[in-house]
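The structures come next, written out as structure tokens.
Heads up, the next two complexes both have chain A, just with different partners, chain B and then chain C.
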Partner chain A sequence: MTAKKGLSKRSKGKVKKMEEAKVGVFLSDCGGQIAKILDFEALTGFLKTVNGVALVARGSEFWRGQGLQAIVDAVKEKKINRVVVAENIPKISEIAITKAVEEAELNPHLVEVLDIKDHCAWPHKDTPKEATEKAKAMLLAAVEKAKLLEPIEKTEFPAVKSVLVIGGGIAGIQAAEDLADMGFQVYLVEKEPFLGGLAAKAVRFFPTDDCAICIQSPTSDLKTVTQTSRKCVYRSGFSEIPNLNVLTNSKIVKVEGAPGNFKVTVERKPRYVNEKKCVACDLCTSVCPVEVPDEYNAKLKTRKAIYVNKPLVYPPVYAIDAKACKFHECAKCVEVCPTKAIELDQKTEHLTLNVGSVIVATGFREYDPSVIKEYHYGEYPDIVTHLELARMLDAFGPTNGTVVRPSDGKPAKRIVFVQCVGSRDRRWNPYCSSICCMISLKHATLIKSAFPDTDVTICYIDIRTTGREHEYYYERAREIGVKFVKGRPAEIVHDPATNTLVVEVEDELLRRLLELEADLVVLATAMVSSENARELAEILGIELDQDGFFKEYNAKLRPTETKRRGIFLCGGATFPKDAPTASLHAHSAAVKAAKFLMNGKIVKDLKVAVVNEDYCGDCEFCPVTCPYGAITLEPKGEGHFVARVSELLCEGCGVCVGTCPVGAIELRHLKPSQISAQMKALLSINGTSKPLVLAISCSECGNAAIDSSGMAMMSYPANVRVLRVPCTGIVQVQHILEAFKAGAQGVMVVGCKPDGCHYEVGSQKTHKKVELAKTLLKAYGIEPERLEMFNLVYIEGDKFAEAAKMMTERVEKLGSLQLA
Partner chain B sequence: MAEEKPEKPSTVDFAREITSKLGGETITYCYQCGTCASSCPVAKTTDRYNPRQILRLALLGQRGEVLTEDAIWLCASCYNCQERCPQKVEIADVIYALRNIAISEGNIPAIYTEFATGLMSEGRIVPISKFLEKKRADYGLPPLKPTGIEALKKILSATGFDKIMFKKGESQ
Partner chain C sequence: MEKPKKLKFAFYWAASCGGCEIAVLDINEKILDVIAKADIVFWPVAMDIKYKDVEAMPDKSIDVCFFNGAIRTEENEHMAKLLRQKAKVLVAFGSCACDGCVIGLGNLWNREKIFERAYFETPSTRNPQSVTPQTRFKVAQGELELPEFYDTVKTLAQTVDVDYFISGCPPPVPRIIEALDAILNGKLPPKGSSFLLNKSVCDECPREKKERKITQVKRIYEIEDDFKTCFLDQGVICMGPATRGGCGAQCLKANIPCTGCGGPTPRVSDQGAAMISAFASIATDPKVIEQVVDPVGTFYKYSLANSILRRRVVRE
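On to the complex of A and B.
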């Protein structure tokens, strides 16, 4: 989505008209250390002969103190307008240098920083003369690129300080409360008439065995509400935080706009009871003639068509089940309602919300185990799931806290739990649902403590109690006499004569087949993604993972984020979670959303791709390839389309550049002319007896591997030259041919691991392109072995050094390349 | 036999050998849940056969024990285990793969050699007896036709059946 001109404010003040390049080169000898290897006299002498270089300075460091001041002075006083700095740890030094340059009123993108220590002096310390010649080539490349650099301006995008939270379970409530507490306008949308999600049904949570539905209390000033560590939802006052809106019976139907400024359409189904008038007096249910199975209570009892999920619910207001109610045919409730709260003519509404960010907290649900035929769930009434058992264990539930056989209501004296039902099962859900062992231990312990005479057996494959305090549950369960059988049952059969279930299982440790008689069998079913996950993912433009859960951007480093900026995830929507983890996850998502919106604007350097509309047209390569969905096709003329880049969404990786067949798209911060100039310069000086090899490396893992090989002083020959690009995804076959033409005898492409590319798809795309280029090289009479891709990470510096040596030797063996 | 001495369990080599055979590909998915054993009608009647234990021994590299003892020959091929295995281990097929390895090394129970001999000489696994013919006549069934023994021999020879089945005899 392109920022409209009216919305974006470009800071044009600092962008100066292109003028003749006056390059200042600052050479750091790292405290004299690398001057022992590189001949600095020769380097300064050489630089002075280079066209466009107006100043050459040498110092011990240039990224802080006096050195940095020297750069500032040169910019201010000597009117240097391009800055080249040879400094080590370029990533860090670059930040300080660009900041100082910007303060000196030169555009910070007119700076080029290179590392002649780790990329030259140290790896080539045994061949100082060759190293000096390579350093000349590197400096020349930096100067040639610098001369072609153009200023890049900043842009601002609006960020509405408002957040939509989808899902009113424990994670959604917590995230909504966090953000509302921080002052954001929050909309909490729940598809059911009541909040609480799974937590409301689960009664008690491990590892504290306290009520499931308690949350961290809000910090907002709500008078009367004291701030303790936690509060029941109904006592917490969370719903009374002034900037929090709760929308029940609602779902998201459309999302438009861009991160920071989404327009969300919410469909709100009628409750038929006015929330502002209902006083929850219960008169309506006493007259309602319709009885339906109560889903909230696992259908173990019935409820009326007008109902409330008692007792821990929000809002504490009755709702009408539209599928069951007879409406005007009956309307008995309307007659008795003392406050005239019942409004049978309410209609579905569509609301439009303007939010800067969206948090998905749609949770998970129990898998329907009836697909596993040998367990006969749904066929024999005395086989239940954990959630159904939880309803029985609820003192307010359908059985008032006793565990009974649903078939005849008699107390269940023999109970068998079956673990891993539909999970860790490659036929249904291959993953471990992670919380079911603990749920079984919790329920077994609760039953055994309340009814010590009950015989409780857990059939398991592996008991997994990895969380804090979880193992104590296992310990306690054994202590109070819960039996454990290692073995997954083959079948549950029903003996109609005695109305008894028989669980057939092998006790593996005894190597004996057992037939366990049971009044009640509890299936620890898999936990799966919410039913509407796929639909919602499509509306939001985000991905699901292989198991159907919402996919986090990067499980290790960017949890709760999605690939789409401004859209976050938390709780069971990403994977089944226990309450402490869901709560932790919710806080994380809330902080991410707050960080994203807190300034009310998103400020960004326009290091983005631009399209040349004269060349672009009617092809879909770049919009399909862009890992960030930043490119769209816009109509241009009758039946024609051109690509349009969203300046907000573009991350500047250049994968689009690498995919464009006609060169119609380029990066503002790395133009084709700059790549060519660097390439030519790097290959213009050899200074070694070996054939030149060009290594095109990405700025992420690839370059880090090269850095680390240098840092560790691993040696490789100086004929290997490195050209850094943002992502190897930018590489075109053209570039490779150009390198050979410019004098390279071999070309290495050094990128991230295919599944660890910092720009998602770049490394994989490049791999394919390199294979394609090899075929083309053959057609040009160039041996395909002269080209190779390497996928390395920081800790593989040794592999880079090996690869550089190997390529040099390989190219030496092939002999000099003769181009026609 | 190659495996006379007590072996050092090698979990990798034998498993790799099995997965390289037709039918044996899925054995490494086994996580010893025991669904197969408790689903098995043979295991219900005898202690000598437990599919879980065969897979366990195989995965632990107990090659000799698996291939020379009679357990693998007791599977009735009902496929109950395979149908119910939560890891989609093709258990009955794994057992076939194990039998094939055993046969290729000459570990064939006598009954199978008898079957093979019958097949080679008369084209039938169960020889036709006077008793059988009389029973057929009593039930009004027509007499059995002679088998195309020559053609069958050619096929069995071309597929190497004869060589595989009588390996034991040759090597002894």
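On to the complex of A and C.
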């Protein structure tokens, strides 16, 4: 999935081969806050002796105002070509400083910002002399790293302003409409011949009780409310947006290319009716001799081989069911069609779409309850699912809105609903499907309101009405006489003599066994992921969760994104959702997809990994460990392969670097030489009475915890030195051994929580490296306790301070480590 | 026209098993080219020349010295220094000279512990007078001096300046031939180069790489080898990924996993640690890590003496 050669544009402009490093060091006392703790005279004096340092400036702040101007001047006038700034809040100050430096025409990656306040002065304020010595080591490390920094350029990747939406249900339609309104070319692909998905079958929605096929209309220019909202699908006009293409009977078979520029192959099955010619006159169905059970209508009636599934559909065009039609043997419909719309020789087509991103909106479906033997679904005809009941409740449906017993067509006067069928049951689906309680309440209410003399009972484990206004809905159902029995039915039996069903259930509240007689039993079945989810996930290269739904990148921060850039999710594809939530989700995915493509290009700093092909031995480890699928193996000479990193997909974490057994892959923004130079510098000055401890910390949670301990002035000893890396995943056992060799008496690895790693796998992988390194240390005669991994988050600054103290005490107790 | 002057070669063995000497002979008829273009002035395994003869040679009078074996004793060190002084080009030949090899595993102990084991504890030892090697020993004829046995095994490069390396246990014959060709034709690579390849053994291995996920560590007898799939994919630890290639993956071709004799690849300072990092990264579970019982024997069989820490910290 690498960007094709020639497709990406590289801005060479500001990148020239660097002359000898002239480091300017800018020391901020943070508005005087730390001037009493650190001896700035001593620091300045020390820095002046460091090789390569051409300028040392002291000020009260360097990330804005005069201070920032001083940096710019130094770059412009004094030809400083490496900038080291000691500031606090480094992330924010770094943004301002790099921006200013870039404007001064120095590559922004030649800047190193360190935090001597929160990482040194504050936590060591009680031992100012020691703090000053540590600050020297930190500054030396920054200077040594800065000397080795190299410019990093930006690259542009093409972003096609076009989006593919998979799934023409409520979520897909709304996302497609949003994007088309915003001017993107949109392809809406639906596997069925008609749009609408599950929602369209459901007739009405809770809690608004409005029609399922009601959607918003396009709003590209300002229109009145009645013009734009609440329109039936077939008259909303969404299908008339010129840049929206609806492809029915279609599915995705292949996705190639890179985010921003995918090539998608769509397989389109024939409809056998020309969409442009059909006028939906219905003459064809009257002559069609083939009758098949109508699956759309829960097989409660039959339909012809040529059909529409209900009157108000989109597209309003008939379709031929290829499994039923007799084609040229019959061809009666061809004769009667007044517009010559029927084309029995249509073939399956393959279309290639060029899109910048993809939205998966494939929804969910009802679980097939026939596997649950005790409920005898499929065996007794009067046991139905909610969707089947919904078809009866549809005025256009097979029973014209009346509820009947499928076995004999007589009205159902006693109806029992069974909740959690296949949900919340370890045998089938452990999760709560979350919407079926409300569906039962909706259906019970609809029935009870339309046919008050019907006896309606709901057997439940818990009634889960967690949404806004949902509880009122429940109360109303109670008020109009729906009965509730707390208990999961053990069995549904059928009395053939009376053609009656009996639901055996223990009422848990009254502690008694009930046998509820029923004409109709409705199973509130679980909602499960769409049938082709796994296949589609493989084609798209995205993940499913343990329950088979599409997995989002992060439930809180990136709820509609996936780990693959440019691929988004919405609606029931991620979990069963009610219509309002699916809608919300769809709009969010549309915004994300639009944001990704709106500039027509993707600009990226090349802070990525690169492979040196002369050394890559094709062990094929890094493609597996990279959390973003950014590495592929490319043929190089007869029978040989080398790893290659996609500059677009790489996130620059360094997990691959921490994996590669030959050092063939490295980060452009943190080279091995820079790591070891910093390590040596940090351990070259002690200045405390305690043994040196090196903490290798990730730039994310690990560093945040260290920041927060400093900000909160939690103290820990100054012998603890922090080396920051992007992700702990980059840590190699070599680094740990080198640290001991360079004088560390203890080594801490500080990273995110194993499940909360910002780069997915880094923390877990390095945990394993650390464990194996401990076994190795033992073999080397070194106490394994000298090495420890800590998994922290931002709010655990106290835990970092404790860990630092603990490690110091531990290695003090172990005594000094004498290496040969 | 004057006949080109013949080169002067020396071969020496320090702490080694002798296999490297055999490898020199394994070049077969190539030895004739060598003899045609070079005189061998020193080769203890084959010629009777004394150390004092070498001492008498003018400095830099040997063109190329192939030095195999690690530096275990004072004698090894003395000869390394002497030959460095006498030779223009010094080649570390074989895994012992390059990385310490199995001799280097002695660094898991010190002299005292090794003597204790070798001269007292081994079941086959009878040593009623408790004799151990001494540097000085009085006999009727006078006092004998023996070279000191060091605590720590060193590689050749840790002892003297080395020009070229050719690792392997023993070095692969095709690479020896290439090295000799380069030397005989005066086409020497930059100082510090190795005559092995820059890539790892995996690059030459015919086995098929599959999932690259280790779910369980297995010993070779525990698998039913299909003779096709990469050993790691079958759960057997193979050092191929972290080992300098050039051997043509000969062990793999004989269905034996690589144990690492080529030593670390050029950009790596510690072969064992590099493989541990890689192995832990592709292990699916922390439990897999616990299944590694002998990390040094598994990952450092040939390179302990040339690793970052070089030896075990032995405490009394």
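The rule we apply is simple: the second predicted complex is superposed on the first by the 810 of 820 C-alpha atoms of A that agree within 3 Å, B and C clash if a C-alpha of one lies under 4 Å from a C-alpha of the other, contacts with A are read in each partner's own complex, and residues count from 1 in each chain.
Definition applied: a contact is a pair of C-beta atoms (placed from the backbone, for glycine too) under 8 Å apart; a residue touches a chain by one contact, two chains touch by 3 or more.
This structure is a prediction, so every number in the text was calculated from the model and none was measured.
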Give one word, clash or fit, describing how chain B and chain C relate on chain A after superposing.
fit
Quick check on the superposed pair: does A:Arg427 touch chain B, chain C, both, or neither? Answer first, second, both or neither.
first
Now for A:Glu785: first (chain B), second (chain C), both, or neither, which partner does it touch?
neither
Partner chain in contact with A:Glu153 - chain B first, chain C second, else both or neither
neither
Under the stated touch criterion, which partner chain does A:Asp73 make contact with: chain B (first), chain C (second), both, or neither?
neither
Pick one for A:Glu506: touches chain B only (first), chain C only (second), both, or neither.
first
Once the two complexes are aligned on chain A, which partner has more residues of chain A within touching range, chain B or chain C?
C
Mind checking the angle chain B, chain A, chain C on Cα centres after superposing, to the nearest 10 degrees?
90
Quick check for you: in the superposed arrangement, does A:Asp39 touch first (chain B), second (chain C), both or neither?
neither
In the superposed arrangement, does A:Lys765 touch chain B (first), chain C (second), both or neither?
second
Where chain B and chain C come nearest after superposition, their Cα distance in Å
24
Considering only the contact definition stated at the top, list the common interface residues of chain A for chain B and chain C.
none
Quick one: which bits of chain A touch chain C in the complex? Just the residue numbers, please.
612, 614-621, 623-625, 640, 655, 658-664, 732-734, 736-738, 740-741, 765, 767-769, 771-773, 775-776, 779-782, 817-820
Per the touch rule above, chain A residues touching chain B in the complex are 374, 420, 424-427, 461-462, 486-491, 504-506, 508, 511, 513
Give every residue of chain B touching chain A within the complex, in rising order.
29, 31-39, 43-44, 50, 52-53, 80, 84, 86-88
Seen from chain C, its contact residues with chain A in the complex are 108, 152, 198-203, 209, 211-213, 240-242, 245, 265-270, 272-283, 286, 288-290, 292, 294-296, 299, 307-315
